[in-house]
Amino acid sequence: MKRCLGLLSLLIFPLPYSHAQSVDAKQAFAGKWISTVDVFSSQIYMTIDLKQQDRKLTGKFGNDALEGTVDGNSYHFLAKDENGGTEEVTGRLEGGTLRGDVIETPGSDPKHPFRYTFTATLVKTRSAAPPQRHEFTPTVFYRQFSPFNKSVLTINPGDTIHTTTVDAGGADEKGVRRVLGGNPETGPFYVESAMPGDTLVVHINKLRLNRDYAVSDDQLVERAMDSRLAVKMKDTGKDVRWKLDLAAGTATPEKPSEHLVKYTVPLRPMLGCVATAVGPTQAPPNTGDSGGFGGNMDFNEIVEGATVYLPVSNPGALLYFGDGHAAQGDGELNGNALETSMDVEVTVDVIPGKRPPQPRVENATTAIALGIGGSIEDAFRAATSNMASWLTDDYKLTPSEIAQVLGTAAQYKVAEVADRNVNVVLKLDKERLKTLTQSAK
Amino acid sequence: MKRCLGLLSLLIFPLPYSHAQSVDAKQAFAGKWISTVDVFSSQIYMTIDLKQQDRKLTGKFGNDALEGTVDGNSYHFLAKDENGGTEEVTGRLEGGTLRGDVIETPGSDPKHPFRYTFTATLVKTRSAAPPQRHEFTPTVFYRQFSPFNKSVLTINPGDTIHTTTVDAGGADEKGVRRVLGGNPETGPFYVESAMPGDTLVVHINKLRLNRDYAVSDDQLVERAMDSRLAVKMKDTGKDVRWKLDLAAGTATPEKPSEHLVKYTVPLRPMLGCVATAVGPTQAPPNTGDSGGFGGNMDFNEIVEGATVYLPVSNPGALLYFGDGHAAQGDGELNGNALETSMDVEVTVDVIPGKRPPQPRVENATTAIALGIGGSIEDAFRAATSNMASWLTDDYKLTPSEIAQVLGTAAQYKVAEVADRNVNVVLKLDKERLKTLTQSAK
Amino acid sequence: MKRCLGLLSLLIFPLPYSHAQSVDAKQAFAGKWISTVDVFSSQIYMTIDLKQQDRKLTGKFGNDALEGTVDGNSYHFLAKDENGGTEEVTGRLEGGTLRGDVIETPGSDPKHPFRYTFTATLVKTRSAAPPQRHEFTPTVFYRQFSPFNKSVLTINPGDTIHTTTVDAGGADEKGVRRVLGGNPETGPFYVESAMPGDTLVVHINKLRLNRDYAVSDDQLVERAMDSRLAVKMKDTGKDVRWKLDLAAGTATPEKPSEHLVKYTVPLRPMLGCVATAVGPTQAPPNTGDSGGFGGNMDFNEIVEGATVYLPVSNPGALLYFGDGHAAQGDGELNGNALETSMDVEVTVDVIPGKRPPQPRVENATTAIALGIGGSIEDAFRAATSNMASWLTDDYKLTPSEIAQVLGTAAQYKVAEVADRNVNVVLKLDKERLKTLTQSAK
Amino acid sequence: MKRCLGLLSLLIFPLPYSHAQSVDAKQAFAGKWISTVDVFSSQIYMTIDLKQQDRKLTGKFGNDALEGTVDGNSYHFLAKDENGGTEEVTGRLEGGTLRGDVIETPGSDPKHPFRYTFTATLVKTRSAAPPQRHEFTPTVFYRQFSPFNKSVLTINPGDTIHTTTVDAGGADEKGVRRVLGGNPETGPFYVESAMPGDTLVVHINKLRLNRDYAVSDDQLVERAMDSRLAVKMKDTGKDVRWKLDLAAGTATPEKPSEHLVKYTVPLRPMLGCVATAVGPTQAPPNTGDSGGFGGNMDFNEIVEGATVYLPVSNPGALLYFGDGHAAQGDGELNGNALETSMDVEVTVDVIPGKRPPQPRVENATTAIALGIGGSIEDAFRAATSNMASWLTDDYKLTPSEIAQVLGTAAQYKVAEVADRNVNVVLKLDKERLKTLTQSAK
């Protein structure tokens, strides 16, 4: 079986919220509510969008249109889904908390209704306070992109965090092992007002090396080898330690073999992982995994100056980052890049009410749609589809125009092939995007 | 970064154990120990294989050869890995528990040793008690193949369990919703003496339908569609309820459309999920996922009479099963087969000291190597590699002989393409295997 | 650049013909014409479908609607394509041959019209003569599925051919090398009345071995090996000769190694290649290639009793077959199956006016849609799309119904992975198809 | 059946030649001979490498070691292959032509020897004449990369050709249609002394536009679309004509739709096709195909200043080029780039005795290994394998060193996904290669 039946269908396309509401006695129910639903001890989020006209209620319960009535603090409504199913809801509004008892009758199985309850709060509006800068010293590092890890710091949209990350093996800037390896992350950071369905914006202000060595190895990953190359590489797999010369901006193997005595790579510090927590009904992925939520993307253009756009799946977004690389070739071909600790400063923001199908990255000159999938083929298609959505959503291009722009301006790079998921990116030069004409609104 | 550095390398190829030890004062340390290691609050398993000759200790600490000495209840040894790293261990044996303090010095980074502790117990030998039959009524259903879910029943190898499973959406044999959907599982069952590195054997004695309907839908999954077919299928995606006629052994759509008025499918009950828990350092996968541990394999030959072989990654193996299908075409093309509840009886056993690279299945006439991977290409290669290992391990075939047998007798089936991982199987008729000559030993 | 511009677009969807016309003075132009067009010394086929009402002409020039007039034996018409281009045609009908001079003005480039000429003849109707049986002894064997090889025999639809094929290396039933290796073919056979856009039906009446040995080897093909298996197989690649015991119905290695001393495979003679010639504007593929035209499909169910359906791309269809295998596992994993010569009897027929997107095969119990593509993924999608078209075309199923049938009844097999193209097949049991309700017409 | 049996195995790894021989009576047989073998009216090339010591002959017949004797102008030798097969050769040397009658006895089938003949000439040495510049006006354009097309000009290594190419649709610099579309090519050019096993070097001195428009379209190719994007693009597929402003260096759609009114793309003229003819036993591919021989690679860095390295498979190499694009995004996503005619000047050279497994390209700053295969996965592996061979052959790197260099410096680009084969390239910055230490020889 592939997908969940029933209730979860409510969640597939959460609606955008408007984040400003006036609170008014006659409008006490009106607004966008984020509800926490307890279903057989699993917790899920659902949005409820209510319009109140005197005693009449309309709006959406998840994706389903609802109609009902208000009676003082009590309310009652009926919502209908596309398959002929219904949700009958009764409850009360008390102290800013909307409670409800739901009887869900599946259209495909009307004889077996089931019941659950929820509690909801009005979606927070963005803080008007001036942006702050937070110095944060991590003491715990997580190994899953989980919504259930306790957030380490709460910030407002617009705020800046200055912190550090340990290397992929768990060693910090002093080389002290702090945690079991596998890309342990700094975070999660709770971002006020960020809600499921929003976009989290992570701008990397500074990304600096803070120690003088990195650890890597000398093998090639499975996906890079045909049978001839596999036979050639059969005896590799040793650790290789690299010296990082921060002043010169170069990396060199500490004990180079014959032909690499003068081999030198320019330092180009990057973050292998930037992620939001996955939704509460998903199994939290380990920090070697990637997906729509970002994660271990290992893309060597997530460097100082880049901005990363990620979908929000939980209240507060729950931002994680880690897995710094002093330098990395495309593909992360040997499975470990030049793994090292980092000094990181990011500014975080929220774009309410829309989110990309897969992560996006932007820098001064380029717009980049990531495609993350189980094979290079799937990732390639995902990147193309992600960029096509971008051109539709932000530039209003028609399908014909999308083909003309991609056909003349697409730049594809295979970003990573080392992990369970693969990452292919589609880049567009902003010079091209500037020549697009915005629709008259 | 792809893989964990350092400590975890100990675990990659756990050694086989012999499960019988004589306990003797002068041999108090000798034997196979399973240790639980606490590393920065992550827990991992490691095997320690000790030989004692008077005061001298030799053997293996994980994969690393060790040498040391015993002094009463105290001991001390040094183990060396392939990269020039060492583990220096000191500890005591008290009340059957072996405790140790470890200083691990990585070969790639000798200036940064780190410390951890372990406690170990002798690997249990297989019970000599006669096999038992357990009637088990599930009250909780898990949604991750996790080693951290509390086991619901402890059994011995050779025992039989009779129980039920809910459908993929969480509804039981009475159609009552018991849990959130997504293939909730019955289990985990703890199997005494099963240890990491062993094989768990799950023989399906009985697999019977216990209600008169199943739920499915009418779409095709992404992997099955080229662009022409995607356009054709663009408006599908509705739930479809099927009537199960247990007496006649057939399924029919409850409200068939014009051309399906007489459409009939034979019932062929199968389990979509059979799994052992993943190792404790992995993120527990959701019950829609599959891998070396088995899981949501959705293979329509896991039916009554089949035997499933799965690798063990935790003490007790921790067996899960669920996601019954009344019938399913190859590929599980519409994402949901005929999802229904089941009456299940399995007999469970353990093969110590070896485990397959990926799951295997056997029935009266066929040996089947599963290949689970992120694309059909990868799954195809994994299935071939799994069967080649089988022919090497159990039949001692040379590479040339493997090619001759596979070239003439391989049968490939695409088992499932609906989930994140794909499942391709390679089947060999046992009539062919019978004509293979065993090596004189 | 991917596809041809301009003229060729006329050919993409040739229209169905009705193959019976009455010839009548006032209707001399009416009917379906097959024209041979000479474009810069390349030759292409195009259909012209004319309706005549007194002096008025209407119909289709390729896919483009035409209107014009007749003046005695002379005519003139103008056809228009979807891109705003036109073809202006003038010519004469003399002695049953329609000649035309064309000025084609591309819509995308109206300033650069170009000119070509054609000659056309009325499409032949199917012969009413009783079917014949042809004994055919091949003297030449072709190594490309070319439309330019001289046909070796002309037959009528319904006729039967009895002949032989050499093995993949070019050796005949006496072991005499007759031609360079690489699947040399018997044929091409010209089938009267078969026209581009039709389906060629090849029923294999008899397929018998005619010598006592086959040649194979002991390697695995690239697509079957992950890196671990590639390293294991690195020293294989030797020829292996097999003894065919026609009386016992078994094959055994002539000089078996230790574990294969008693290894026995049942004989199951199959044709690796059945093909129609590709269209005249394609580069003729070598006889190791496969595609929509069939070719080297290496599918081990193309055996005695099977019927193969192939698209026709040239007048006469030009049927080729060869590459007999005494037995073959799925995938043809070692690149060469048990290659041998064959005694073949086929009955050939034509279904006018429709053709499958990729080859199809049928036997007594199963309908099989082949999917041929450059990767297993692509082949899998192609097979699914081919079967979906079959269910639409012949059973009128809606998209929802297609998903319900495939989801419950699909059987996928990986047929071949040894060549440039891969072959995956989707099989449906005819018992299922029988329960489909035909639309009332 | 996948590969040819028998004779062709001689050709798989042709040996390097030294191209200079002294001719001396007592050494009349000594040297590298290129023989043309007539096998059942197919023609293949084979190298014969003879060493003569008085009457004794040694050397290689293809890949097989030979021993024999000379008697005046007559000779006789016996060669042995790895499978226990032999070739017995007798013949005469007359007027510089070596003739031979061969009896080949396959090791796998010794009862069925077969016979063929060859004629051989000494491999030509490179001309010492000063390089020439050839003005060449094409009058014929070929649509297959065939060794059987008559060469249009013979040049020496080091010579320069100045000529033109028509666009992919066959239209020349005046917009006049000269040939049927599908990437018709200029050439083939015969390069003296180039022999099978050599590398052809094609340096693009000048690549200039010679008309003011290009033709493209507005669709996306199959490989770029997931199902969501396929549905979005379902109504595209129209031709789009672009205006080329050679002075400004820009391209713009001639009739832009709303959002593309100001859309502008910089001109970056490239050659979609550069190829050597395939070997004489292969079916000549159409000019939309690509492979080890180069062909329709559609790589947008094959521009002015680039050098292309291609394997030679025929005497004279037989160089083709065409399919100019005024500009093209990575992937050639809409199937047709900005297709146009070109003014081309190339300098051609030969590197004797070694050849790359797949094409390579070099420019002032980058070394580029192409990977051409049937899927993006296969092409990715092919590119990696091609670059690994390059680093082994030219830089003598060990497998460990290859992994370290690729892991830190690889740059992958998806070059083309529009055709039957896909092209992925692996680029290395020459700055990195400069820091590699050459082995002391």
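We just call them A, B, C and D in the order they show up, numbering each chain from 1.
Criterion: a residue touches a chain if its C-beta (ideal position, glycine included) is under 8 Å from a C-beta of that chain, and two chains touch if they have at least 3 such contacts.
None of these values were measured; they are calculated from a predicted model.
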I need the common contact partners of subunit B and subunit C, sorted by label.
A, D
Select the chain at the greatest separation from subunit D, using centres from the mean of Cα atoms.
B
Roughly how far is subunit A from subunit D, centre to centre by C-alpha average, rounded to an integer in Å?
45
What's the distance between the Cα centroids of subunit A and subunit B, rounded to whole Å?
30
On a C-alpha centroid basis, what's the spacing between subunit A and subunit C, in Å?
49
Subunit A residues touching 2+ other chains are 225-226, 233, 238, 240, 332, 336-337, 375, 377-378
Looking at the complex, which residues from subunit C come into contact with subunit A?
222, 225-228, 230-231, 233-234, 375, 377
Inside the complex, what are the residues of subunit C that reach subunit B?
216-220, 223-226, 228-229, 232-233, 235-236, 238, 240, 251, 253, 257-265, 327-334, 336-338, 375-378, 380-382, 384-385, 388, 392, 395-414, 417, 424, 432, 435-439
Quick check: in the complex, which residue numbers of subunit D touch subunit C?
1-8, 39-40, 42, 44, 82-83, 106-109, 111-112, 114, 143-144, 168-171, 175-183, 213, 215, 221, 238-241, 272, 281-286, 288-289, 296, 298, 323, 325, 332, 335-337, 339, 373-375, 377-378, 418-422
